[in-house]
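These are the structures in question, set out in turn.
Both complexes below contain subunit A, partnered by subunit B and then by subunit C.
Showing the complex of A and B:
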């Protein structure tokens, strides 16, 4: 019964999505206010029904209702509760439902938080979101329905893939999808502006906080996925340049370009066309990522060719959304009003350079991800494109980007003077250069690549310091407290940039000074890694809720004192009988100790892998600092002010409208 | 039972420490081969995993490949010969760094072409903009701007 309610809710949600897609858009085109006002209630209704469907599926998982095919395929009675909830999005159908839940959730948020927007603009925004939602609800109902019954019901479920039985599953996908799908709002604002022909600073101001929130979630989602991969997937790798990862990284790159370009459009009125195009690109890349991950095209081009229903459906959606919006763009993008003038050397120019580099980076990832598929589809052989390729092509793009980050944040709008910038930044550069040369010696050994990476990160830190100090001085000169007048938006920017610096420190040091030991350990054997002694104290059997495990005991000793015991496990899950390696990690600000059990070798000995990973947590710390910066910038006073002013001022008008509506209802 | 087992093992461990405490032997005896392998296996794809390298994976496939590579290196094969052997058996697919040849040329040249193009477009756009004459505001626009500024000021005082 409950699954049928879910199924039916989904159908109702589709009906509402269609209304949401059609009525407000026509209303906005014809200037019919009643039709426009349909937008909000319909969007909220749609969210309600999608949420109901989602709740029904969750209920089916919690109660282990194996008469639902999707539940039987992805759950098991032994599965702990938190993973039964996570398993809702552990497979294709459920993750698409999560996608739509996020989309309608964002639409709901827009409908509630945008009271100040003009009726026609909000009608168009919600209408466009309705169009997207219609496409995806059709997709779910026609090709990926999670509520299909299994008759007769299975006695026991096939269980969730052990790889996914991890807290990472509970947090990572919702976070990632929040970001991924969140770019739909920026996209909808862009399309609405094109349709309405009003592409102004106000439009940029409205889309900016939405884009920032989406970007913030995407940043955290990607970082969480990376952490998950680090401790669960393999032996301490944190980014594999896997197509699934690239699928989330491409929208991130485009989204990063977008938030920078929006800054120019809001502050200076320039780059309007470009910003709109970026919003379209960012969302198209999100859709492309969904296509890559969900169509099965990655596992095998040929498997895709034999069962193409789902893939072709998303591909058609992708073509309609991207093609349609590009056509609209070509038709409606403003030909006049290029915004404020700016000189060759100005903050605008630096931000444009940032955009170009980020897009080149995104295009590079796209090329590396799609090329093997194309080659395979054309029958020209099977190749892999992996980390060695990306480090060769990515570093040359990222290096100038990070360098310009320091300069751009310092440059004035409109016109900056190069000699002036050089004077202001020469100390920053000197300090960065000297520390970058010295620090590798302190770490033990000097490598050119480490020095180079450190130069970039110290450059970032030093330029932030110079920038902030300059503001403080200027304040003091006019007798104000040093930190006054620093908006959250400014602090957020500096913080996000510092996050990039921390990220580079992590990547550089872990690549340069990671120590790996692959040893054969008998009970009592010791091995020394980077000043830590690891003693193997044997293994014991232990039991989890739905697995049995062999657990190793590894005593870590530093300077003769016992530091801790690491417990790496080799698990065997009862249902899918797949051996899983659970690494034991001791996390620290300056280093991780990582131990992982290999195979038993002769005579009670085990092969054991031990890593010393210096500064690896800076990688994710950097990402979370970036996200925090985004969050701060989003909460800037001027966005809140704008919405509060709206909430206060036209309350009379809202009442009047409400009264009108009730009267209309009576009539 | 579990606890008992653990105590047993711990006791055994303590005795073991006294009796045979020794430096653990590396899995790969020859340090030179270990170093070469660490480098080489980073570039090999684990064919049964999702996007992991042989070096990063604990799958049976990767274990086999590592053993195979170690054997070949012990036989005195160079890195190139080992790669050649693996490519012959598994195809280019096993290499994470695709070989540079006619079918992969766009892949290797592409990013640099993109970057050059991006740079060129950037320079052209910026140069064009810098030359653009300043847009003069009409008197109405100036008046409108002043009105807005005044409004803002008033609101600032209100709040």
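Showing the complex of A and C:
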């Protein structure tokens, strides 16, 4: 019964999505207020029905209802509760339902939080979101319905893929989808602006916080995926340039460009066309990502067995959305206008350079990701693009980007002076340069690339310091407390930039000084890695809720003293009988010690992986600092003020009207 | 006039930058393309010598052997028509099993042994890398043809 309610809710949601897509858009075009006002209630109703469907599916998982095919395929009575909940999006059908839940959730948030927006604008925004939602609900109902019954019901489920039985499953996909799908709001704002022909600072101010939140979630989602891959896949790497990773990274690059471009549009009124285009690109890349992940066209760690018709459907959706919006852009963008002018050396120029570099980066990733597909489609052989390509291309693009980040945050709008900037930043550069040369020696050995990476990160930190100190000094000169007048948006920006610096520290030091050792160890054997001695003390059997494991005991010794015992496991899950390596990691601010079991070799000996990863946690720490910066910038007062100020106007008008009325009454 | 010159100069700088960037990208691209070959293609000498490529197929049943010391393993990758011996030093992925699909990356040594420096993992027992599925499909066709031709041959032999 419950699954039928879910199925039916989904159909109702589709009906509402179609109304949401058609009525408000026509209303906005014809100026019919009643039709425009349909937007909000319909969007909220749609969210309600999708949420009901999602709740029904979750219920089916919690109660292990194996008469539902999707549940029987992805769950099992032995599966712990938290993974039964996570398993809702552990397969294709459920993850698409999560996608739509996120989309309608974002639409709901827009409908609630933008009470003060002009009626026609909000009608268009919600209408566009309804169009997207219609496409995806059709997709779910026609090709990937999670509520299909299995007759007769299975006695036991086939269980969730052991690889997914991890806390990572509970957090990574929802975060990532929040980000992916969140760009749909920026996209809808852009399309609405094109349709309405109104693209002003107020428009930018409205879409900015939405874009920032989406970007924040995407940043965290990617970072969590990276952490998950690091400890779960057992290879100790944190990024593999896997096509699916790239699929999430491309919208991130475009989204990063978008939040910077939006800043210019809001503050200076420039880059309008460009901002709109970026919003379209960011969302198109999100859709492309969904296509790549869900179609199974790629060989990847994420590519589980899939059905090709689904890929075709998403591809068609992608073509319609991207093609349609690009056509609209080509038609309407020339009317939008260019906005304020600026000099060659100005903050606008630096941000333009930022945008260009980020898009170049996204394009190189796109090339590396799609090229194998194109070659295969043309029948010219099967190839893959190796990770070295991405490293070789990425470093030269990112280096100027990070360098300009320090300068750009300091430059004035409209017109800045290079000599002035040079004077202000010379100490920052000198400090960065000197520490970049010295620190590698302290780490043990000097490498040019390490020095280069450190130069960039120290440069970032130093320019932030100089920028903040300048503000404090200026405040003190006029007798105000040093940190007054710093908006959250300013602090958020500096924080996010500091996150980039921390990220680079992590990447540089891991690549420069990590030690990876695969060894064969008998009981009692020791091996030395980066000053730590690892002693293999044998294995023992243990049991988990739905698996049995061989657990290794690896004693870590430093300077003759016992430091800790690492317990890597080799698990065997009861249902899918698939072996899983569970690494043991000791996390630290300056280094991770990583041990995982390979396989038994002979006579009690095991092959063992021992890794020493210096500063690796800075990589994810940097990402979370970036996300925090984004969140802080989003909560800036002016976005709330903007809504309040607009709110006051109509209420002021009613007051006046009321006063007139009373006066009239008196008279 | 002056501002026009400035603009021209900017455009020129931009174009040169773009050109340099494109060249660099394409060069990096070319030197990092990894081609995929099936055992049949390797046997037909279609695969490059001295350059890294990917080999995919099934791990032949009973072919996995481990050196007594160290972490070196030997196994045979087959597409049911041709077998290629593979040597790999390191830890095999969890789902590496005899009779299952595998993709290995490495170089072909002059004596015909594939020296893998990476054996790629897969994470779903149902999942078969598309390249491997394709290679097996082709080999099946070849096998069918071969048996067809041998039948024809025996037919002609039987005539006189």
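In this section, the second predicted complex is superposed on the first by the 629 of 667 C-alpha atoms of A that agree within 3 Å, B and C clash if a C-alpha of one lies under 4 Å from a C-alpha of the other, contacts with A are read in each partner's own complex, and residues count from 1 in each chain.
Simple rule for what comes next: a contact is a pair of C-beta atoms (placed from the backbone, for glycine too) under 8 Å apart; a residue touches a chain by one contact, two chains touch by 3 or more.
What you see is a predicted model; the values in this text were computed from it and never measured.
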item	value
Superposed partners subunit B and subunit C on subunit A - clash or fit	clash
Subunit B versus subunit C as contact partner of A:607, first or second or both or neither	both
Touching partner for A:516 - first (subunit B), second (subunit C), both, neither	first
When both partners are placed on the shared chain, which of subunit B and subunit C touches more of subunit A	B
Which superposed partner A:360 touches (first subunit B, second subunit C, both, neither)	both
First, second, both or neither for A:161, with subunit B first and subunit C second	second
Contacts of A:538 with subunit B and subunit C, given as first, second, both or neither	first
Contact residues common to both interfaces of subunit A (with subunit B and with subunit C)	233-234, 344, 360, 364, 367-368, 371, 381-386, 388-389, 392-393, 396-397, 518-520, 581, 598-599, 607
Touch list for subunit B against partner subunit A, complex	2, 5-6, 9-10, 12-13, 16-17, 19-28, 34, 38, 42-43, 45, 49-53, 55-58, 63, 91-98, 103-104, 106-108, 110-112, 114-115, 118-119, 121-122, 125-127, 129-130, 132, 134-135, 155
Contacting residues of subunit C [partner subunit A, same complex]	6, 10, 21, 24-25, 28-29, 31-36, 52, 54, 66, 68-71, 90-92, 94-95, 103, 120-121, 123-127, 129-131, 134
Residues of subunit A defined as touching subunit B within the complex	233-237, 240-245, 338, 341-344, 349, 352-353, 356-357, 359-360, 363-364, 367-368, 371-372, 375, 380-389, 392-393, 396-397, 516-528, 535-543, 553, 581, 596, 598-599, 607-608, 645
Residues of subunit A that touch subunit C when the two form their complex	161, 163, 233-234, 296-297, 299, 301, 303-305, 344, 360, 364, 367-368, 371, 381-386, 388-389, 392-393, 396-397, 518-520, 576, 578-581, 598-599, 601-602, 607, 609
